[in-house]
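Have a look at the structure below, then the notes.
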């Protein structure tokens, strides 16, 4: 997995084999490395990301949003926000792209065995947590209770709706959805609360004992979620956050993503709150 | 007594002897009167009595801008071939040698950057002793003792005592044999480092001077011109940009020196900035220079060359943070 | 975009931006092949703007009702409109005296009768219309124009770095005219991209590319005052390409 | 029944202009040429600016002529303050002017005029119809550009040339590159002349113009202290206003120079007619086509420009060689001590005589500026010729008329940008 550490290492040739729209500004791109050998041998830890290159546009760090199966296809859920992501969105199926990675530490799933897992996703934060959830469900027996709480701006902004509908039928996990504004019914028969994610937390019954929380979302979400979770009795070392920073290389060289004396790309992007607490500007 | 002395008059022959090891570069003076490392075409171009060059030697390892990848539909992303020849970099002061050692830990320790590695292998480093001026403070950051050289020249009135620091250095000394004469060794001397203890202690305990009024003062005056980090031998932040060709098919990816005091350094999509103001950016700069992060965590990056103090148009000096602290410690 | 349809037009200006295109001697044949140049009075006989345009590159400041009319017409016909050059983006030389009454200027040049000429204070585009992209410079750099054209083939605009002229100046190891020679160099305030052309030939930066993002105007002003320049002279020089400086701004 | 044929905007000319042909039935009554470029009030902008700023600002008057405006403004300023520049500086100024001539003539001949000769709508068409010729033209223009960029530090609005001297002179490598480029392109300069000579010459005549050019010694020259008004007559540059009046025309944003002695024509044709001393190859060409140029109307101007391209290339080469041989050291610019006073200077720009005149106060601030551009000088004859030609073409279709009149304007190689930024108003008379 570390064989691509080189900053200037060449993005591996890859192709978009499928794409579909998840919301107005977000689409899921299914990308496969052109070399089948490498594609199959891709080992991914949930929470890791790749550097996604679009020729003549550049690169952007994108979380791996699902575990690559035996076909080695990467699920990359990309929101259009600027130069590179605009260009990615303009690419039709079949386009040639480049992939470096996977990079980053990912969630320490090995340490979490036997524990209850609370996944808290805000907006696009669902992307890495989806990979995590897939992992947990694939190894269901090794973990305790699994709860996913997911908040989106509005019903139309909920990503992976069909998949969520399916998950909501599962007995071996809990799913809670909330939207900030509900001007319409959520599609696909999803049950959905109205209000912000922290509010949802309050209304739901769950155990904090032997539980770890994994959070991913916009910067503002972290601040209030952490307060909330601590209020519920979560110790700082049971709260895991996946952070976003500007990144140019993904391998600890370009020096844009430091959080205190840690690098988001190589020490993270997943951090324990315990390790971020004292760091100015971390959240 | 050792056969290690090169009389000053032998410098031209010395340069000739170096030629087979690579193109000789060293301190020169541009026609603008700027001290800069450049090719030494003839001994008269060499300025061994220089104080400090404007850009540090890092430009030989990480050029200010370079194409790191090319793209074409057939070949996809590729490294452009490196064309750099072997270079003998002559006349490096100990601080610059230490600066290169620091970059080595970042860019080669874990085999991180192939371009850096290749260029580094093609570089022969020849150091020379120096006399500090009012901007120098290498002693205070433990960078005064020569290290990380292939060859080092200790200067005396009549010439240079030569030490080798690597097998390549030995080779050069062997080639130099006819030029060397016998001379008594120099007495060991150490530089006064009044301030070293303060800096090292602060760095050691991860001091961030959270309450210092200097941050605001720096932030108010800094022009974000970038000079301090461009001219810093150990600053290596870089930006990556990619541009398409006019043929509509090919592209080039550039790597360019960046600076933590620029607006865009901590900015993410949508205009959110993790280091919104100059104050936050100065904390970042301090963090990198004195506390480190990533592979350099815990290492003091500053080598005391004094460049940032000299090139800052508004005379901002991070050392003042420690000075203030030093003052407070005095009874 | 497959063969983007391009328009090149000029308002109140010296045509330098348009000439920058004609000065791409080497690339012109390739450009003619890859783009449809639908409107370019400087190089074409075609004199009406017809049909939709993908990208309009428009130079010059807006200083007459005619200028405004052309600008609005181009805006409404074009998918993207690029403010091409310092005048279009910042106001440029024609706007340097915007703080003075326009009539006085007109009278100085054309005499009393001249005031009848219908013109107003030269303004940058953003005072009137939405601008999608800008290429700064008086004149603009050829390389930035070509990079922009190349990006258009992929339906996008390029990302240019946002740092001041000093950055490129230091990287070229030029002598710093501000520090070493106490000259009134505006490099610290000005958007780079010219590779510090002027200091590289020993001439101070006159600021032809307009302000850099988050310029520390107040600090540069203090620095220059400290070197003994008169406030009046400093402001006069700063206004040459951009009349709207906020002299208190620090970030 | 009266009608107006409007040609608006004029295309393939520098700047914005409009021709109106006033017709009464098929009879041409009147032709007006309006320079509709938005006014930029340069002379007023200069008032209150320091003398150092004047060249930097004034070159923005026009991108095609930025070099010539910069150089002539330096001369006027130096005149006002009594400064002499070194030989090196003078050589560089002359070199950059020649670069400007090469670039301007090549651009005009190949990009603006040549499409007419091939019946092409513009450059892209021309690129398809006569790719070889166009590329040759672009290479020549490129050489002119290279000179200006190398000497001036920047192609449009050059920066190195300042009052009293210059910034960094060109490096040896830069000079060698110029030498190589110029040498390799000399044959193409000659081919350019042959190409323009090969085109059919205009039929009919618009009469022989009164020519004017800057004079040094007894013949036209790039620099000079007098304006030559014919083979024997001349006036000192400072007295230019006595020869060239100026009026604001109600339909035009430029101020027309209304010469007191009847309208003058300036430009390449004028210089050759008045006896510009040509370099060897250029002289050879001129000898060959002499009778197509001497005493001809403005439509011969394009051929004259082609001859001048050869001249400018050869002369540039000579200067580059002198610079290489002399191996000058870098000089500090002469110190300028401002004093109150006035200075006027004239040079030959590609399009003809260009005059700058400034008044400064004791602090070196500009109190008055006056600029006379070649296009302004030519405007009266341009209108007169347009009328003559339109009358000769009475009855022709609108398309024919439009194309012929536009070509006539192009022959003058007008620079409307420059013309519209004219001088302090002085009522004529």
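Just a few scattered comments:
As written, the chain order gives the labels A, B, C and D, with residue 1 at the start of each chain.
Following the convention adopted for this analysis, contacts are C-beta pairs under 8 Å (C-beta built on N, C-alpha and C of every residue); 3 or more make two chains touch, one makes a residue touch a chain.
Treat the numbers as computed from the prediction; the structure is a model and nothing was measured.
Across the assembly, the mean Cα position most removed from that of subunit D is the one of A. Chain pairs A-B and C-D differ in how many C-beta pairs they share in contact, with the greater number at C-D.
Taking each chain's centre as the average of its CA atoms, subunit B and subunit D sit 52 Å apart.
Averaging C-alpha coordinates per chain places the centre of subunit A 39 Å away from that of subunit B. For the pair subunit A and subunit D, the distance between C-alpha centroids works out to 65 Å. Once the centre of each chain is set as its mean CA position, subunit C and subunit D turn out to be 25 Å apart. Among the residues of subunit C, those in touch with two or more other chains are 150-151, 154, 159, 202. Multi-chain contact residues of subunit B (touching two or more other chains) are listed as 32, 239, 241, 243-245, 264. Among all residues of subunit A, those that touch two or more other chains are 56-58.
Per the touch definition, subunit C reaches subunit A in the complex via residues 150-151, 154-156, 159. Interface of subunit A with subunit B (complex): residues 5-11, 13, 53, 55-59, 81-82, 85, 96, 98, 219, 244-246, 248-249, 251-256, 258, 260-263, 266-267, 280-281. The part of subunit C that touches subunit B in the complex is made up of residues 27, 30-31, 34, 146-147, 149-151, 153-154, 158-159, 161-164, 166-167, 170-171, 173-176, 178-180, 187-189, 202, 212-216, 218-220, 222-223, 250-251. In the complex of the two chains, the subunit B residues touching subunit A come out as 68-69, 71, 73, 76-79, 106-107, 110-115, 206, 208, 210, 236-245, 250-251, 253, 255, 258, 260, 264-270, 272, 274-275, 280, 283-284, 287-288, 291-295, 297-298. The residues of subunit A lying in touch with subunit C in their complex are 56-58, 83, 86-87, 90.
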